[in-house]
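Given below, in the form of structure tokens, are the structures.
Both of the next two complexes hold chain A, though its partner changes from chain B to chain C.
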Partner chain A sequence: MQFDPFVIPFNVGLYFILIYAVVRSVIWFRGLSRPDKLRLQRGFFGRSFGQSIREIFMESLIHRRIFKASPRLGYMHMSLAFGWFLLILFGTLEADIFGEKHLNPPYKAIFFKFFNPDHGRSGLEAVWAFLMDFLLAFILSGLLLAVIKRVWSRVVGMKKTTKLKALDKVAMLSLWSVFPSRLLAESFTSGAYGTGSFLTGSLGSWLSSFLPAHEMAYPFWWLYSLSLGAFFILLPVTRYMHIPSELFLIFARNSGIRTGDRAGAFTEMQIYSCSSCGICIDVCQLNFSTGITNIQSAYLLKGIRNDKDVSDIAFNCLMCGRCDQNCPVGIELTPIRMIQRRAGEPQLKAKSLLKRYFPDNPVVQPLKNGTEPAFAFLKPQEPEKTDVLYFAGCMTHLTPSIKNAMISILEASGVKYTFIDKDGGVCCGRPLMLAGQTKEARELINFNSELIWKSGAHTLVTSCPICYKIFKESYYLDVEVLHHTQFIKDLIDEGILKLNFSRKKVTYHTPCDLGRGSGVYDEPKEVLRHVVRLQKTDADDENAPCCGGSLGNMKINHHQRHKIAVDAVRMLTVKDPDILATSCPLCKKTLAAATGTRVADIAEIVAEAIVPADPVKRFTDPLHRMKQPVI
Partner chain B sequence: MGRRVVVIGAGAAGMEAAGQLAKAGCSVTLVEKEEETGGNVRNWYHLFPDHRDSKEVISYLDSRVAHKNLTLITGTTVEDMEQDHGQFILKTGDGMALEADAVVVSTGFDLFRSERKEEYGYGIYDNVISSADLEKMFRKGEVLRHDGEIPRRIGLVHCVGSRDEKVGNPYCSKLCCVTAVKQAMELKKKLNTARVFCFYMDMRMGGALYEELYRESQEKYGINYIRGKVSEVSENFDNRLVVKVEDTLAGRPLKMELDMLVLMAGMEMSESGARLARAAGLKTGENKFFAIADHHFGSNKSELNGIFYAGTCTMPMNITETISHARAAVADVLDYLNTLSG
Partner chain C sequence: MDKFGFTILKARHINYDANDKSVAEYICEHEPTFRVCIECGCCTATCTTGNFTSLSLREINILIKRGELARVNENLKKCMLCGKCTLVCPRGVNTRNVITLAREALKNKFKDAV
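Presenting the complex of A and B:
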């Protein structure tokens, strides 16, 4: 039996973290809703298992998405994660193949050199030793980058990196000391016995030339074991919890579990899976346009993890979804922020460790007798029966040129439609949702839903992506909900709308709620390609900036919004277009205030391109005959 | 021949300052971008508070600039300004280089372009007009809707492009209120049966005789003042305007049908002034007007020696204040020129 007391810290840490992982997994599984439990069971023992394994390999080890964002940052993460994984894997194999017996306890693999100092002299042993040294060098190169990143984040291609709490720093230092202490411990041992490959061997023989290698090795083996033990013990209370959490998250996500609109075990998994890599800080417009650097998603999740009051952070966000799009772990950041905004959600702010594992069930206060709902004053309406409903939305009423354009398009199309909020309607409810006032929003949703049901329409067209998103997500409607760009595309495809082509150069700005929020990217561009020359920019599709007008942010002032708009315009007008097109009335208003370029909604551009009806018609229309002579 | 001074902009301030400087013996060049002098005053019909015809002011200003020491150049702009050994060299759009010992900047203001407040429908609905458009109608002698009908219900919207962070103008233009009062009374004089509504945030009647005018407009002309900002304007089937506004005194939302809506456009730094500021490296303030050197003692001075400001290129002012400000600029210019010779 090979044993030495220095392996105890490592063993304590390892068994603690293994038991912890099992307990935590059971708690998370129990915390899932019944359907989600079934999904996870089916996912784990089903087809998505392979997909999950592949994703774990590609993302948790190789870090492919981080590579895409920044190759140097990706290398840093890959060398630490994949390198360490290979070191453990080959270490275990080494102990199994070259050790005195098979199936060793884990510490044998980790401290193999200590127990087998003569190993690695010749043949396959030497090749193996070379491999182990190579892996260690690989990890150390990543570690060097990590140390530099802390001091100077631009080296790895990032403008900002996250600020850490004290415990995170301790864990980080213990992680950092794991690999150098292993290097020194192995080198001294190799030096003393004249073994080791290119790294530990060379360093060892050089060190032993002026130091007592045999005596020096032992303290470093202790340091190595202590570093590992400390890291494992600290792992559950630090950001490094993301390592085991992400494995669980990947299985859950591939099984089809989604955040939805309520906090729960899945949300908690996601919160713990954040590694605080800081990519969300770099892509955040509040960071690079207004210099606000403490509200990004990494800080939101960190605040929730550490039971901090995050209400200021939760409401200081454009809700543009750029961080969602770029999160290498694929955490649904915007839905989590929405949950945090809602009142009466106790789960995410657990007060004690005990409460965190045994959360209260949310208590929804029933309406007290005698109190009216907030929107009880709204009188029920009787709409006329129709095929297509047009819901302009509040913001479209504030941009009458879009409204007028849509009316002329609808008239030209000849469909039977009703302009449901012509004389002003009721808000779609999304602004209240974004403000966390779910109950009040629900009252508006119910009011509008009734109106839409009664009309008997089969299609609901809206001009506003803000309305579109909530109609799609939070209304239970038996109608097809279309944004007007989708509706116009259908009209063009079916040959109902005849349009002239103009040679104007146009850049298209994808609104947040339509693009990243609802996944509508192609229809608007197809409509534009039909009538104008559409230019490509770096700010297309998923990379589109928020205009700055966002209803989602309750904290920034007009000055800051204007700065965001000015920067957004700069990104969008690099090719000096004749028209900056968008498909959101709020974006139009915000961008127009920040540029001299004409800003227009797609509906306006289309309305201007409509081919006037057949001149023959003028014979039958006395009004037209009076105004325009027949050619 | 005395010292050379260039005055940029021949509106009320520029003409007054140039005339005074010429009288004091300076050799003055007055540069105007338009073909005609008079600036914004020319766009107005009658002036508050005494309903004087603006033509009287124009002819007064014309008499000021008719002086042998004064050269008037119209139809050109100052594109660039350099300083060389205490001498200013101004390059104009048509290629001239003017030399000067001192420069008076009197580039005035532009009216807020009401199209930028799209929710009010200027440029979209035919019967939404600006305060300047209404003055033109007054001058023509007829106030009519686009379809030629006589308007019976008219609304005047205050603070269009003023006190509005969303359009980037947080400051008060301070003259739109009294303009609205004046125009409301004139409308009522012209169209006796019409009903006139003013939608205001606050009534800022700070000038001489403004408050009296405001009282008269209510007592004698029966103008309706509604405290509340117009939120949006739309058009109904027979081309009437539907205005949504919250009556904040009654605490309820209103929806009104109107035949015509007049937008009281605020005052902004003029575009030509902003261009000059960029070209010459002159500082502008939060409100985008030229930044004056000191709020109490230096309202005519820039941060550069030898460059002075006169009139509404520094802040919104009425004609009385503009002329006083221009005269004060002359005192500062002469003082400065004396230090040069001494």
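Presenting the complex of A and C:
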């Protein structure tokens, strides 16, 4: 037997999806900017090719990162992806080795049992049949988990699972029916011919004991083929598009392409690579602290994919970057959200069927030109020449203790410095950036840049991680930008700053913009180890919570912020520290309101530990002795 | 004799019927904390922009509630959204969102709005 009409739905679906994948890849490639195209070409024919293949194996098939997040969820994804891959691979080999001829069309491998019902009676054939049954059982075990997860997500270690749209559900049901229908079809055929291994053979012989197996098999082969065909046809317009997209994404990312600040083909690739696994929902503090469950990154990307108005979702986010850190696909979620914020008004497009299969690139509105500058009232200033500039930042002016601590550290270090915003400076521009107003932010950036250039400083020290991030990313400065923790560490390393050690227990809270946002994890902790006993917690480094005060979120009120702060404090003070240290004025202010533990900035702790400059000298100095009051 | 012999300067007239309160309603609808503002002026006292020019969020809040929007539009674009006012507000008004919403609402009313 060479052909049967029931294979037609499968063939139609398969060739459709193969052609579609090629066409879509070409569209994506053409959408890349010219440097990105070169990067991808170099990456594809270069060293990163092996790296990409390895990552595809580890992430797209084994799902290593999901395993790390939750072993049961990882098993579910692995059994479906890796199990199915092996089933296809070994099925193709089986058809090639045991079939009538070599190099068969794909349907001969998928429906091998139908065309070779006598296969698998003895010898190597039986071993192979056992292997195929084992793989099918492996997939079915994962499928069982997936079905249970839909009603009871805790079974795979997830608190929440993603809500799906109707078309996603249809595609999901067709995917779910693929494997049971294969099981039943193979079982009936095995039952009728007395073949099959432990799974299909046993089930088949039991079913054929009371059912007409020969007649029953054929409808299930049809069902098997139909569900495969339907799944392939629906794949491009559902979340299952992540399967082909992720392959392309891995190659693009390993070639060095990054999201940047403009929407484009790479952003679109990332948007389609989201499998809605829901890990971003579980780690989001807005979810577990305030119960807001409709704004997480999975929903943002889903909204963009389906041309929904996502402006509310885009702005209701702390921009803490915890989802970025945990995304198993490695999608740059926070930069994508920034692009969405910048896009301003949403552009709802007509949803014809063709548009759903071949969507336009995400539209970013061009910046408004020709409008008057918003900050024309800022007059150029003439700062005095100096070596080190200290930029406290707006938030630090609300926490004067940090400012004063920094001044005493700078005085003790003896460097020539200027406190540039002593009487209140101009905002760094990041709050406007976070609000999507890039043009206005640029005005502030230009103003501050000019001020810094004129001062002739070689180092810019800031106390605020929010300022630090934008100084690093969006300013084009010829000075070394340091957060004050880095500056203090340099002073300690060079032996300029002499510090006492105190036996206080301290837990360090990594601010979002300094840690996940700018990658500064070690310097603050090294400074703390110099002066106090630093405790380790589960909320260290990348796992640090957001304090809740984030300027990134425009929508939540102060009650919700307080709830987030209370939960963050609970995570941070499990070891009952004497001081909860942080390195951000905003974190300090928010956390202090939520706890009885003393919250202090690293600068304050260091300033308290400074060894007073040589008190003995005062008494030997004749001039000083003259001034001592006579008791 | 309905004014009992007193007069009010023209500049001090507030015509609640003629003034446009749609912006205030729009803000209250999307940011309910706008209602609890007591116009204490803490926001104005701490304002980063207020250091350089005459931006007063307190004044803006009052003008929005009165519906005198021309002056609001003129001043609102000066805000740098730094968020200090939100932190110092004793009533917990989400002032940053109030300003963003006001800008959104004014966009349709004035050509040169931010």
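Annotations
FYI, the second predicted complex is superposed on the first by the 586 of 631 C-alpha atoms of A that agree within 3 Å, B and C clash if a C-alpha of one lies under 4 Å from a C-alpha of the other, contacts with A are read in each partner's own complex, and residues count from 1 in each chain.
Simple rule for what comes next: contacts are C-beta pairs under 8 Å (C-beta built on N, C-alpha and C of every residue); 3 or more make two chains touch, one makes a residue touch a chain.
None of these values were measured; they are calculated from a predicted model.
In the overlay built on the shared chain, the residue A:E372 is in contact with chain C alone; chain B does not reach it. In the superposition on chain A, A:A592 makes contact with chain B only, not with chain C. Once the two complexes are laid over each other on the shared chain, residue contacts for A:A435 go to chain C alone; chain B is not touched. Contact with both chain B and chain C is seen for A:H558 once the two complexes are overlaid on the shared chain. When both complexes are overlaid on chain A, the residue A:N500 reaches neither chain B nor chain C. In the superposition on chain A, contact of A:H397 is made with both chain B and chain C.
Note on chain A: of its two partners chain C and chain B, the one contacting more of its residues is C. When the two complexes are overlaid on their common chain A, residue A:G424 makes contact with chain B and with chain C alike.
Shared interface residues of chain A (contacting chain B in one complex, chain C in the other): 397-398, 423-424, 557-559, 589. Of all residues in chain A, those touching chain C in their complex are 371-372, 374-375, 377-379, 394-395, 397-398, 423-427, 429, 431-432, 435, 437, 440, 444, 549, 551, 554-559, 586, 589.
Chain contact summary for the complex, chain C toward chain A: residues 33, 46, 48, 51-53, 77-78, 80-84, 87-88, 92, 94, 96-97, 100, 112, 114. Residues of chain A that touch chain B in their complex: 397-401, 403-404, 422-424, 557-559, 562, 589, 592-593. Chain B makes touch with chain A in their complex at residues 116, 118-119, 121, 124-125, 165-168, 231-235, 242, 244, 255.
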